[in-house]
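Single-structure report; data block below.
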Amino acid sequence: MNENEISEALKSKFGNNILETKTSKRRVFINISTKVYKDVIRYLVEELGFNHVQTITGVDVGNFIEIMPHLGRGVTVTVKTRIEKNRPALSTITDIVPGASVHEREIHDILGVVFEGHPNLTRIILPENWPEGVYPLRKDYTPEQPVPMKEVS
Amino acid sequence: MNIVKWARLKSPWLLHFNTGACNACDIEVLAALTPRYDLERFGALLKASPRHADVLVVTGPVTRQVKDRLLRVYNQMPDPKFVVAVGTCCISGGVFNGCYNVYPGLDSVIPVDAYIFGCPPKPEAIINGVVALLKKLEGS
Amino acid sequence: MYPLLELLQILIFPGILFAIFLAFIYEWLDRKIYAKFQNRVGPLYTGPMGILQPFADFVKLLAKEDIVPNDVDKPLFNILPIFALTLSLTGFLALPIISLKGIISFNGDLIFLIVLMTLICIVVIYAGVSSSNRFSTVGAERAALQLLGYEIPMMLSVVSVGIMANSMWIYEIVSIQSNTFWFLIGPGILGFAIFIICGQAELERIPFDIPEAETEIVAGWLTEFSGRKFALFRLTRNVELLYLSGLAVTLFLGGPSGPIILGLEPILYPIYFLIKTLFVLFLLTTLRALFARLRIDQMVNFSWKYLIPIAILHILFVRVIF
Amino acid sequence: MSMLKEIQKSLFKKKATVLYPFKEREKVHIPEGLRGKIVFDREKCTGCLLCSRFCPSGACEIVVDEKGKRPIFHLELCLFCAQCQEVCPKGAIKLTEEFELAAFDKKAFTIR
Amino acid sequence: MQKEELRSEDKKSSYELFFDIPVGPQHPALKEPAFFKFKVEGERVIGVDADVSYNHRGIEKALEQRNYIQNIYLIERICGICNVAHTLCYAQAVEQIHGKEIPPRANYIRLMIEELARIHSHTLWLGVAAHEIGFDTLFMYVWRDREVVMDLIEMLTGNRVTTAINTIGGVRRDVSDEAKYKVKKGMDILEERLKYYKKVAINDPTINARCSGVGILKPRDAIKLCAVGPTLRASGIKNDVRADDPYALHDEVPFNVITYDTMDVLARVLVRVDETLESVNMVRYCVDHMPSGEVKIKLPLSPPIGESVSRVEAPRGELIHYARSNGTNKPERYKVRTPTFENIPSVCEMLTSKNGYEVNIADIPITLASIDPCFSCTARMEFRDVSKGKTWIWSLEELKAHCKKKGI
């Protein structure tokens, strides 16, 4: 299945909910609306066979957070969806691909996105004593006093 | 030269501690034990327990999280003990210099006796460093 | 006159001092041969060919700080290293070296030696437990399990010699061997093999270095010992290495006997003894270089599935012949 | 038992060890182009600062002296990546094959 | 700090009734700090907890603070062992944003160095695995023969481990004819030795006792848990980025994807040994077919606005970089996902006893080692600076100011 066939298949299945597609050699980037996020993933994994989650990237873009699972073993399909920063919630995909668990936990740690339905959304990357509600990769992450390294020891 | 000092110089047992290195230095330290280089010529053995070691060979930038463990291992070593910092990022942070999670060099955490420069240093350079340290001790 | 000579024998030659001296040489040889097998040189700059290396290690450890961690069982922790060394040296005294009789020699001393070896292993277990360190405790646990594995076949192989000689007295065993034939050339060979394998386990060397497996449990029961105490334990190990090869020689290779020019026995006997023990040492080192470490359950399995049945069969076989 | 054969063979084989640093020093493998200690030719430098701009670790510090802005190299920070050598338009920087860089002082190697 | 001051603190050794055996930071089985907490019952492992953050150095954040050229060397130090894979992946990601192809000779050199590094990494691993199960003689032999490839890498790049050869737009050094000759000779030696090691791995009784039937990962679980690299291939699944998503001429240079289907540690050993043999052939092919020409094209320092996903088959499995540029000379976001991180769920699965599958304490080191973990890269998470109950935080601005002060 080549790049264009994938995006066509998705477009015909989800219609207007596919906002934008971009393809290059063995890379497909698709922008989708959040409400079909899980359906798109399920369709990709179960119908089209993209059953490998390479990773999930999260980027803070102003008022939104962009969540991008990268799927596939040959062609990489990057599904992009935007969620609001004030209410960062998205349904989990661990029930479809259990291996996505670590990546969702990572994003939960650094961006504070809650993956609804995740069985074990605990710390994986940040230390135990990191304060609740502080998400280091958000752009509005407000600083306290920066401590120069030399005085710490 | 008295016999205790002689024995100390001839039997430097190493403990290797990685404080967050990129592994390149570690594999070079390990390589220094293998047939081509064979640190055992100098009586050096790689020991697993800090209680048995004389020389702490540290590689990698000292990260915040590892600092306590490093101190603990250092304290578990019986006196007299020596510390060798291997690799740029152990000496000063190197490429991670100034990063928020990294101390500016091993010497800001524990006293260091010898530095081996390189990123990573050749196993020969490591041997050279160990020999230099032993020579210095011989003179002192 | 006589007591003085005996004292000299115990303390110097072929007693304690000689044993310690030889133990150092043996460790050096062991390390050198091991290195040679691995295509490298091993200790080189400590004395000629690095021969003083074990001695330097020992002196250095003696002079190092001796840390007693807070929550160890202090009396035990302090006394055990000395106890272990004493045990292994005592064992050495019972080996015949300059004559066909050891310094300590009485009817039934073979049993005494077996008990000694078990005692050393029990000291090891206590050492691990007394350190109250998790690695040490696991090490001790493994040492105990391993004891279950190798002790029985080892005893059986020793007993088979006893049956062949119809005696449990080392002096008699050795003299019978020197008069007739060495047991190795003949029915003893299987017993010898079993003894060597079990000896390797007793010494906790690859493939049976399970109780101090470096990559699994740091240094096992030795983890918490430092300075003097560690030095003593290391020395114990070396004396034990010597002692076990000596015992193998005594039981299976005719002890110090060999072609004799009358009147020169006190010189020739030790020489024969040394040559034979070196051969055994070489075997032990080869085994060390040849294998990977087994897992504790595999070791026990191996022992119960193969070693013990073979040892029992061997005993039956010997019993039928003699 | 293929291992047995091999270790028997090694008993008679020449050892692989190179007795560095005492003997056989010449046998140490030092290929051409090894990235070792930096040498800096102060005369050639024009002070364009490119080296410092591309140095990944800040080993190349710019100081102002009588000739203007000039780099100094702190080897305790240097990665020996040769990026400065590559980027320097005047060829003032060169990484030599000198690799024996052990010292008792962190600042022992500061190249001016 | 002074020695005396430090002395007073620690004379304790901890004792807990429930044995938790800490493996890691400073445990001989792991040559790098990572923390695994095992729950054991006697010698049996019943639970695993992983904390991969001991190696946190601040790399992803630092990447956003440096320009594209400086980042090459920082990326390289995510991991010293597969630095080639990292720089290759990085260079490809940036070139993709530029939309430029690099000259064919550069691609050949890249591929050759990549495969040499794979040989180096796999032989290193074979040695370490031997050491893990206490087979020091094999460890010494493998590392002795590994020096051949180390010398070649040193000759080609100027350092034994950190190669610094890939750069944006090509490679930094050309390969001379003499070097080619030496590479071919080295490959002959290696091939013979590797075949011998394969024989040892298959025949040696103790290796078999320790490795077969240990660390089982079923194919179904492997897919579910998204295992990658030799770990996946040892479970019988044919998957390799070099074949599925060819980059840097992997579609021109012939090779086989190796799979074994016994799913255990021994299979992982054999997969790696066979893969190394494949690499030897690929290096030979590269040397024979290398075209002449340029090795580097010049690209502007700042790529256009865009994003790219770049994948490379690192020695430990699929490595993926995601780059997003905003038109300046520094990346907007750079994400690295390393093979070890992806394999962590799988190794936790391998290390938990259940349904009659028993895991022993003694199996921990070799099982952990069997995924060839490299926690330098695993713990490369983004932004975090907590020390002992005290938290302080830097904003981007402050970080930048700090960087300027440092002259970066």
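Quick notes on this structure:
In order of appearance the chains are A, B, C, D and E, and numbering begins at 1 in each one.
As a convention for this text, contacts are C-beta pairs under 8 Å (C-beta built on N, C-alpha and C of every residue); 3 or more make two chains touch, one makes a residue touch a chain.
From a predicted model like this one, the values you see are computed outputs, not experimental measurements.
Following the contact convention of this document, E is the list of chains adjacent to both chain A and chain B.
Under the touch definition stated at the top, chain C and chain D share these contacting partners: B, E.
Taking the mean Cα position of each chain as its centre, A sits at the greatest distance from chain B. The count of contacting C-beta pairs peaks for the chain pair B-E. The chain with its CA mean position farthest from that of chain D is C.
Centroids of chain A and chain C (each the mean of its C-alpha atoms) stand 62 Å apart.
Rounded to whole angstrom units, the spacing between the C-alpha centres of chain B and chain C is 35. With centres defined as mean CA coordinates, chain E is found 24 Å away from chain B.
Shared interface positions of chain D, i.e. residues touching 2 or more other chains, are given as 3, 7, 15-17, 19, 56-58, 79-81.
Counting partner chains per residue, chain C has residues 37-41, 44-45, 67, 214-215, 218, 224, 289-290 touching two or more of them.
Shared interface positions of chain B, i.e. residues touching 2 or more other chains, are given as 34-36, 38, 41, 48, 64-65, 67, 76, 79, 94-95, 97-98, 100, 102, 109, 119, 122. In the complex of the two chains, the chain A residues touching chain E come out as 24, 26-27, 29, 51-55, 57, 59, 68, 70, 73-76, 78, 97-103, 106, 109-110, 124-127, 129-131, 134, 136-137, 139, 141-147, 152-153.
Across the complex, chain C meets chain B through its residues 31, 35, 38-46, 50, 52-53, 55-60, 63-67, 214-215, 218-219, 222-227, 230. Residues 16-28, 30-31, 34-36, 48, 50, 60-61, 63-69, 71-76, 79, 89, 94-102, 109-111, 119-120, 122 of chain B touch chain E in their complex. The touching residues of chain C, counted against chain D in their complex, run 36-41, 44-45, 286, 289-290. By the touch criterion given at the top, residues 37-40, 67-72, 131-135, 137-138, 141, 206-207, 209-210, 213-218, 224, 289-298 of chain C touch chain E in their complex.
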